[in-house]
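Which chain is which? They are A, B and C, in the order written, and residues in each are numbered from 1.
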Amino acid sequence: MTTCPTRSLLSRVLRRWTARLSLLVLTLGVLCAAAPDLIAPLDPYEQDLFKRLLPPRWSEGGDPMHLFGTDHLGRDLLSRIVHGARITLSVAIFAVLGAGLVGITAGLAAGYFGGLFDSLAMRLADVQLAFPVVLLVIVVAAVVGPSTLNLVVILALSGWPRFARIVRGSVLTVRELDYVEAGRAAGSGHLKLILLHILPNVASPIIVYASFELARMILLEATMSFLGLGVQPPTPTWGGMINDGRGYLHLSLTVSLLPGAAIALTILACNLLGDDLRDALDPRMDVDMR
Amino acid sequence: MIPFLVRRLIGAVPVLFGVAVATFFLVRLSGDPTDMILPPTTPEDVRLEFRARYGLDRPLWEQFFFWLGHLLRGDFGDSIRFGQPAGELVWERAGATLELALATLVIALAVGVPAGVAAARARGTVGDAILRVMTLLGQAVPSFYLGVVGIAVFAIWLRWLPSGGRDGIENLVLPATTLAVYFFAIVARVTRSCMLDVLNQDYIRTARAKGLPESAVVWVHALRNALLPVITVVGLQTGFLLGGVVVTETVFSWPGVGRLAIQAIYARDFPVVQAVVVIFAACFVAVNLIVDVLYALLDPRIRLR
Amino acid sequence: MRITRRTALTAVAGLTALPLDARGQSVPRARTLIIAQTFDPSTLWANGTTASDNVNVGACINESLFYVNAATNRTEPLLATELVQENDTRWLIKLRPDVKFTNGEAMDSDAVVHSIRIFADSRLTPAYASYAAPVEGAEKVDALTIRLVTKYPSPTVLLMLSQIYVIPPRYWADVGVNGFGQRPIGTGPFRLTEWQRDNRVVLDRNPDYWGPRPDGFDRVVWRPVPDENARAAGLETGEFDIAASLSVPAAQRLERARNLKILESPSYRVFHLTLSSLSIHPGPIQDRRVRLAMNHAIDKQAIIRNLFAGKARALNGQVLRREQQGFDPSLQDYVFDLARARALLAEAGFPNGFETVLKTPSGRFPQDREVAEACVGMLARVGIRCRLETLESGEYLRQLRTRELAPVALIGLAPPDDPDFQVGQYRSDWRYSYVQSAEFDRLIDVARREMNPEARAGYYRELMRAMHAEVPLVWLYQGVDLHGTAARVSGFAPRGDGRLPLYGVKMAART
């Protein structure tokens, strides 16, 4: 039998102020991603070639219409950052979901059934982990072409091995526990055993790891956008904005600085949340999961 | 020990093979390199001749076996862009990348380990909190962003450091420091938590009771045991280091293997891309092996497995 | 991996790059000219590729028969002294006497005949195949004279001869094309000292050079610096003496620096939006009025003023540049007129506009994506809603080659500096031509064979008028290359094709 750990987990986590702050930041991010038109003050695509590279409103030379200033084509920075959240967060979240789905399934099966399947799956994971991730993503992006869907698939594919590894490790520990033996003795089928008994007990490391993996995916997406291999312009992406701003650093620092701050803030929130989740769930969990 | 090593080495072979095969097919799907090399005004028959010379017009399976045969003899083929053997091109730049990677590790360890130890000793104080914030930020800020800002501040505005290239020590400072920030954060964090664990152990209390000076207790006895996980983490993070090197070399125009790889990918120079990926994977596997060996040497329980 | 002694040595050499310029101490910095360009050469053989970054370095070592001097806008003798036309297809080339390669071989008819043979061999020199197309062969007449035979009358012979770099035949036979590309030997003012891949190419003065000694410097170092901001920054800090291909914002900033000079050189590169009127791309763009409306809808002056700070030139409704023979000064581009554009669209049956796709490369040309984004914005104002498709360089070039860059695409090509190469892209059977016009074809063909320069120019002017009327594209702008030099460098004359010849460059002593 298993208790529902969610409610008590949530209350334990929310006791910490860092967790509250992180959740706030992430919720803000998700809101921006879900309904950017409601939050952003202006159209992120509208150009005004006479109002390029304006500083923030409170600076000298700022424009009251543009709180954070404008980019090199006169587009409002704040609106672009809000819309940029959509790409970055949706790609990262779907990539983690995809990686998780594949990884958890593979890890569960490998840990539970063992044998040939285990060896094969782990070999495959080894091969993929040996690939330098950034190069792998660049090569594949160059092959299939840059687009949102391709990016999600590539990032998900790059993330499944680590999920699988962690899940498998946990399954191996849990597999021998008493009540699992009891369940087996009572004649429960494999699927039922896995879903009802094993999965809830490996949930803790999965949740913690997912949080860190989200941070990693955000970083990867930003890197790809920075290199020009992510979602294509004129769709705003945080990494792409940093790259665009590089040529104009002496004229406007904010064009590159602000999207970078957004990336750092979001990654920070994910990491802090992961730390707090881990402390709430099981402080002795493997420290170097990140 | 030896059978352990041999077993791991044998296990590494199919991994590398898998990587090589996957890269072969992936890059070939990215398109035709002739467009990148010959000007658009080139007559069609000349273009087809060029393709034939590199075997690009053969069926994929034929190309694969041809390539496999050469790979087993240690020959990565000739670069389509340069005409030189791909392996040689990687060798030429390996020194630069190694320099960057080593400098990064040295900085990260030299600053991170003492910082972690100090934080562990000063647990709960303001200093500890500051370090925690720094490590959190260090892991959150993308290294390419740091690089762009670093160039803007130190190279363009202050003019203290050059903005790229590789001549003397001053060129190494900015790229290595940029990349080291992330590792410093990890090293400091892991060192701190491992030191905290170790400092609570019985044998530390015994050493203190024996009257040993505190600095000896910390730096000699405790650190030696705390270093093990640090080494493991560093080894595990090699994959990230290789990836970080690629982006950093691009931002700083550092003439290393990473930059060669990116140029080759864009130019569809298949032999070079294949060579770089396989070599990177081999390095990754090698580092993991070294970490495993070190682990086994330091922790006898593992050796016996 | 096969580890030869050479690879081991190069690996060690790569590791030891860190000690400061141990080999470089013999030439002081004050007498070293350091030039930053975009890419590292892939070969030092000037005829290895047409990429200017490659040829710039290789041309310091090997020299061509003739040389197009951007400062005087004339083709001048270099290793050849005279070109005499015998008849429509036979030319005599007289060579400069007493010139030697740095390995002692003589630069004479044998060497030049050999070089022409290599140049015309499309297996060895595929990149120059379009230049070499008319060549039938070359034969030695005497020690300093050769005869060039072409397959058909070709008015571009002089241009071609300025692209042939003369190589030493015995050395070439010894090392082959790849070996030569890594260690070339030539007759030029400099010879190769060291090539650290992706970092620097070091050339030292050739003490036996036949021509004038470089004024003020004994060593040239070419640095590949892909990031344009880094090139600009290096120029400011004195790291570089010359920085090629600066971006507009960088040039604007550096213009105000007292110890720097910014040079504007009109590029051979012409930018336009290609509008496919081919039958395989059906759609509203097939209608001439729609194409005309698009020309009226885009404010080209605003693009030039705002995106390039005025550092680009308007195209007077033609694809030939002001400096070229065949440019018709009486033609003007279609003016920016939104009302007219809307009226034309309504007349053509699209009062509410239509949807289409605009393809652009990203990062292939300066600010290419920004220009495309600006055009999308402007076209939207008259109802033409474009989906912007950004293509990676390789894909862009592939689609160019296969006529997939349709219905609308940003194209900025810089063909060789002769009207035939420029307009030949619009001949109906050309690989990436998006127009099919019997009239264009006729004029292109007849001008191609016309040996009389005046008559030739007349045909091209007629062609420009025909194109202007037919509106096969949206003329945008002619690029301007921006290069920066330190104040003590003078006589630098960059060419519109990105070539940076060092002939006539002077460097004053450091103050």
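By our rule, a residue touches a chain if its C-beta (ideal position, glycine included) is under 8 Å from a C-beta of that chain, and two chains touch if they have at least 3 such contacts.
As the structure is a prediction and not an experimental result, all values here were calculated from the model.
Chemist: Does B-C or A-C have more contacting C-beta pairs?
Modeler: B-C
Chemist: Which chain maximises the distance between its CA centroid and that of chain C?
Modeler: A
Chemist: Using mean CA coordinates as chain centres, what's the chain A-chain B distance in Å?
Modeler: It comes to 22 Å between the two C-alpha centres.
Chemist: Roughly how far is chain B from chain C, going centre to centre by Cα mean, in whole Å?
Modeler: That pair's centroid distance is 38 Å.
Chemist: Whole-Å distance, chain A centre to chain C centre, using C-alpha means?
Modeler: One centre to the other, that is 44 Å.
Chemist: Specify, in ascending order, the residues of chain A that touch 2 or more different other chains.
Modeler: If we look for residues of chain A contacting two or more partner chains, we find 142, 246, 249-250.
Chemist: Multi-chain contacts in chain C: which residues touch at least two other chains?
Modeler: 227, 229, 392, 394-395
Chemist: Identify all positions of chain B at which a residue touches two or more other chains, and write them in rising order.
Modeler: Counting only residues that touch two or more other chains, chain B contributes 30-31, 156, 266, 268.
Chemist: Spell out the residues on chain C that touch chain B in their complex, using ranges where they run on.
Modeler: Those in contact with chain B are residues 1-2, 6-7, 10-18, 20-21, 40, 42-43, 49-50, 122-123, 126-127, 129-130, 133, 177-178, 181-182, 196-200, 223-227, 229-230, 233-234, 236-237, 239, 392-395, 397-398, 400-401, 413, 415-416, 421, 431-432.
Chemist: Please name which positions on chain B make contact with chain A in the complex.
Modeler: Touch list, chain B to chain A: 14-16, 18-19, 22-23, 26-27, 29-31, 136-137, 139-142, 144-145, 148-149, 152, 156, 186, 190, 193-194, 229, 232-233, 236, 239-240, 242-244, 246-247, 250, 261-262, 265-266, 268, 273, 276-277, 280-281, 284-285.
Chemist: Which residues of chain A touch chain B once you look at their complex with the stated criterion?
Modeler: Within the complex, chain A touches chain B at residues 123-124, 126-127, 129-136, 138-140, 142-144, 215, 219, 222-223, 226-227, 239, 242, 245-246, 249-250, 253, 256-257, 260, 263-265, 267-268, 271-272, 287-288, 290.
Chemist: Quick one: which bits of chain C touch chain A in the complex? Just the residue numbers, please.
Modeler: For this pair, the touching residues of chain C are 227-229, 247, 249-250, 253, 302, 306-307, 362-363, 369-370, 373-374, 376-377, 388-390, 392, 394-395.
Chemist: Name, in rising order, each residue of chain A that touches chain C in their complex.
Modeler: 45-47, 49-50, 52, 72-73, 142, 145-146, 228-229, 232-234, 246-251
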